[in-house]
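In the two complexes below, chain A is the common chain; its partner is chain B in one and chain C in the other.
Let's turn to the complex of A and B:
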């Protein structure tokens, strides 16, 4: 993997609500990631089809926090 | 396994499906190969519509009881055993003879592209030491959370000063309290603070396009122009460039680095030869320049097979010592010039877009690194001897297409910090992270400004206050837009307290009677 690409994990449907609640946001308010994004395409080979509306957890190596977790909602296109 | 592929009409494909097994005569010359057991047929040149099992590929010698692609000029007989309709993208295949599949594919020998291997990385969290993990676990138990970096330092202190039990609990509590204090206050205008923090040092940067020779003879835009380029999310930067790192085995080897650099430098025919047109006899003469060929590390034998791939006109190729003559079968003034124009920009070697490549030895890391002018990330990453993980480009849009939005976000931060740093300025990285976060929020890299984020604000009044006032107001009137007055600009317009800081809190004091 390229060092500029952080970890992407598909969040299970069960956990989605828990995450949204802890952040106090709705799916639509999260940052987005396209279904056609190269990383999502690669993730699809592991997890199977990822439909728009699913949440992807991104674990970044952060310069300020050490490790930072953020979430992106998958959108079409 | 190699696959035979050709372009056909939908009518013929249907006929073949009806009549298979049968023989089919093509109007191309195909070199018979033993491993050729499959054939694909395309109608549009974008997707394959039919897949056939073939048993025999032989030159056509007037056999009867066979289907024909055309009436005359038939050359090759293919025995089709079975044929079925499929849906397969042309991008999954690559041409065996090298290069890319022509968009107007007439016929080609293909191989299925190897699918990229996907390796799962070990999650970063599991790599943390057990001390840090135990600190994080303790925090989680109390329903608190701290950044990993702080947890690491706490774990270190715990070990160093032997803080245990209650004392450590106290330390944790104090740390959490301090951590909360340092956070951004609710409704603080982080965007404005960020803009000022980047803008102020920006005034000290050189205004004019400043080309800095970081590497001998390399042009790289730096300073304010580069910073503007980053936030504008230009399709291509004014000086695209790449830094190519070599794989572990090859990084100490100068010869391999030079060979790689030469092989990616794009060379057109005009770079190594003079081209002459003769309109009366309708031919094009290519005179190869030996000196230039040696400089580019190109052999005559390499050029010829590539020239044969120009399939647009029917030509005969004759070659002599250092001359290649392409003559049209049917003389045509227009066509000969078309051919000439094609040949001028004909790429004989290298990757699209890479104009120059320079090899340099890095004293610190003790390795050979290639710097290029021009960028083609997707192409370079596929090459052998290239370190996939570290090779990078300064073209942010290209990164977002090849490596995804998250990598693009990383690149925006990286590029803007290094641009500021090069000018001797230090801006807190959080401001740049905010910019990068906003630019990649929608899943694609967007510019900051009228065409990007500012132009997509939800409020009509805010948009109208920014630029092209009448257009926004008129459109809003036409479709009946509603402004909820949530933002800053719209509240200033109507004369209300803005929704920032204390203005955002809906609290009022009523004195008891």
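Let's turn to the complex of A and C:
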């Protein structure tokens, strides 16, 4: 993967609730990512089919914070 | 999983009013073109019939019985003698006429094709977007209007032409609105979706008016002038015209007048109805008032900058605000604003009478509204009793009302010193464009504020005006004071440094006070120190029996306790000071030990000392420091005096000779380069053509010449020179500007290149063709002081113009970019947990900025300034920075 693309990880169904609780948000509130997004497609090659509603964790490098974790909900199309 | 989506408007539907509906909603059939009778009462069945609503207080609506503020108004209607075209639907009428058969009223396409189009529209599985639907409708229209012979009834249709604005012709024969209406009536409901109409809410014949709705009187109120004269609204005037012509048309028609007269009147009715809707229809002369002013009809009410949308819905006006010219006042704190007494008497704060403010408000009412010629003393303009009735306070009734005052009354109190107000200068491009100030009521007619506050507002005093808003509730005042006060906006979120600071003469003055630590005679020193707000003086020193203060000691007075800092000033190492030490500013235990205070110490957005004070002592102390600083500067510079003139750029004869030499040498060097180029002696530089190589060499030579002239000028212009003091201290201008005045202006460029455009092979006809020498390409060897020769002047002007155009283009473009960005982000908010959410509570960022750092509290882009903390905690020995 290209160095400019931050790391993307699929969150396991078991952990989803825990993460949402710690963030204090619902799945629908999270930013979205399309299933057709190139990164999701690439991730599907590793994880198998990713159905809409799953959560993806994105790990970005930040000058001020070290690493910043962002979560996105997969949506269709 | 279903991802939830919040509420939103799904669909907006526009429909047409049918004649039946117009009649159904009508409260009165208007038949008289008059408004009021001689006694001033509205005429029955006239345009001001009380069934259409009331505009005069006290009267009741005939339809709903409501009073002025209860009755929403009711429509009336006019029965038109002959149908007319609605100007707003001209395009639609034209397209329906061309795409349908005039005989059978079907769309002129074969049955199978129609079916195909219906399939596409009715394809409910994947719902069509509006754009796709519009595309299909226009496809049908363009297909059908080509057809001549109707596939349904085999009638030979003729081409319909639109003769603007409102006449339709078929092969030169006029189609009357009546005929058009008859044709439209024949169109089947089933075909309408392909024309773009929904048969449930619209029929094409409704685009031809037979009944005319008359808007309620609330929409077109009568204005009564002070003289008692009545003046009708433009819409009413237009309606009078419509009714009058309608009546004449009906009479003529019923009498069986000649066709010609009827047609003329019909056209006239069409004209009045058209201008009633839109008085700026192309091809129609606008209807005018008797005075010659064109009437403002329906479209004009809505359209454009002064229309309902942009003027009344997107932009609203507020009360409790004032606007006037601004001017400077260095004796005000940065947190204050000087408000002219005249404005202070008009601007009021509403206070409710309680046990706690009873006596104070009573005294205020006794003061009355005050008179302009008196010295300002806050009073009261209006009093609202508990039942909401208003009493205007005058000199006469002031005492009486004060005695009658009760708990729960509302008092509109005039502005007094210390009130919190919002102060704003447009364009409001950032949050610092609107800040909270404390009021100080002053004489004269301008708003005044401390010069340091010019920067956040981007204000100057060449005629700028600013707005002031008086806060009306305790919550608003508290919030403004905590969040919006000037001192709370010291650090800009744009770059994390102080946006306010010393400017111009402040820097000059304090530089002169501290450069080489001058001795200031006791009396002068005391006078200057009387400007500032401190309770001590430095220890004077005695030389030859005379007492002096040291400049740096005087400056040290305004520093808060415990300042320990060392940093490089603008003079740096290249100081003109022989000892070379003035550039290092060292403060120990709040004593300025070394260095000249300059832009790097106290200047806006780069003042290191100012930044230090703000971070270490907080905003309040920072504001105090800056207040004292501006006062001290005013004291120093007004006591010493400081001026500059063009003779500050006088250089001795030998310097002039040297400068001329530099100029000539450069020109000769360029000539040599060109000669070498012509003889093929110049090698190509990587990535450049031979011509580019020559150009870059020439440019380098010429810029070296200017630098050299700058050096010579600097050498002859010393620190005893006002302009040099300003340039070196960073107050204004730089050494290059001075060198351009005294020595050589240098190369004038366009888009980073030497001047090259103009005539064939030359820039101006003054040069030989093919001349690419220094002067022919815009090199200016004169100085501003000497003056430029004509060709130089021209090149200088072209270069200057490029700068102006650049600025104009850049500001408009970046302004629009910023506007779009703001509009996209304006309703995002930071929640209590620090998440950035939009109006649907969807997450934009899980933590503000993804690091939760307030940019105005960060340090040069980092969250924490570790070096500073180490230094403060463990002593300066351990400080990481040099």
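Here is the rule we use: the second predicted complex is superposed on the first by the 77 of 77 C-alpha atoms of A that agree within 3 Å, B and C clash if a C-alpha of one lies under 4 Å from a C-alpha of the other, contacts with A are read in each partner's own complex, and residues count from 1 in each chain.
By definition in this document, a contact is a pair of C-beta atoms (placed from the backbone, for glycine too) under 8 Å apart; a residue touches a chain by one contact, two chains touch by 3 or more.
Treat the numbers as computed from the prediction; the structure is a model and nothing was measured.
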Quiz item: Is A:64 touching the first partner chain B, the second partner chain C, both, or neither of them?
Solution: both
Exercise. Applying the touch criterion given at the start, work out whether A:39 contacts chain B, chain C, both or neither, answering first, second, both or neither.
Key: first
Quiz item: Can A:4 be said to touch chain B (first), chain C (second), both, or neither?
Solution: first
Practice problem: Go through the superposed model and pick first if A:75 touches only chain B, second if only chain C, both, or neither. | Solution: both
Quiz item: Which of the two partners, first being chain B and second being chain C, lies in contact with A:25: first, second, both, or neither?
Solution: second
Quiz prompt | Broader residue contact with chain A after superposition on the shared chain, chain B or chain C | solution = B
Quiz prompt | Intersection of chain A interface sets (partners chain B, chain C) | solution = 31-32, 60, 62-65, 68, 75
Self-check item: Partner chain C, residues of chain A touching it in the complex
Solution: 23-32, 52-53, 60, 62-65, 68-71, 73, 75
Quiz item: Which residues of chain B touch chain A in their complex?
Solution: 116, 118-121, 123-125, 128, 147-152, 381, 388-392, 399, 401-407, 410-411, 414, 429-430, 433, 437, 440-444
Self-check item: Touching residues (chain side chain A, partner chain B) in the complex
Solution: 1-9, 31-34, 37-40, 42, 45-46, 58-68, 72, 75
Practice problem: Flag every residue of chain C that touches chain A in the complex, lowest number first. | Solution: 1, 3-5, 833, 835, 837, 841-844, 846-847, 850-853, 858, 861-863
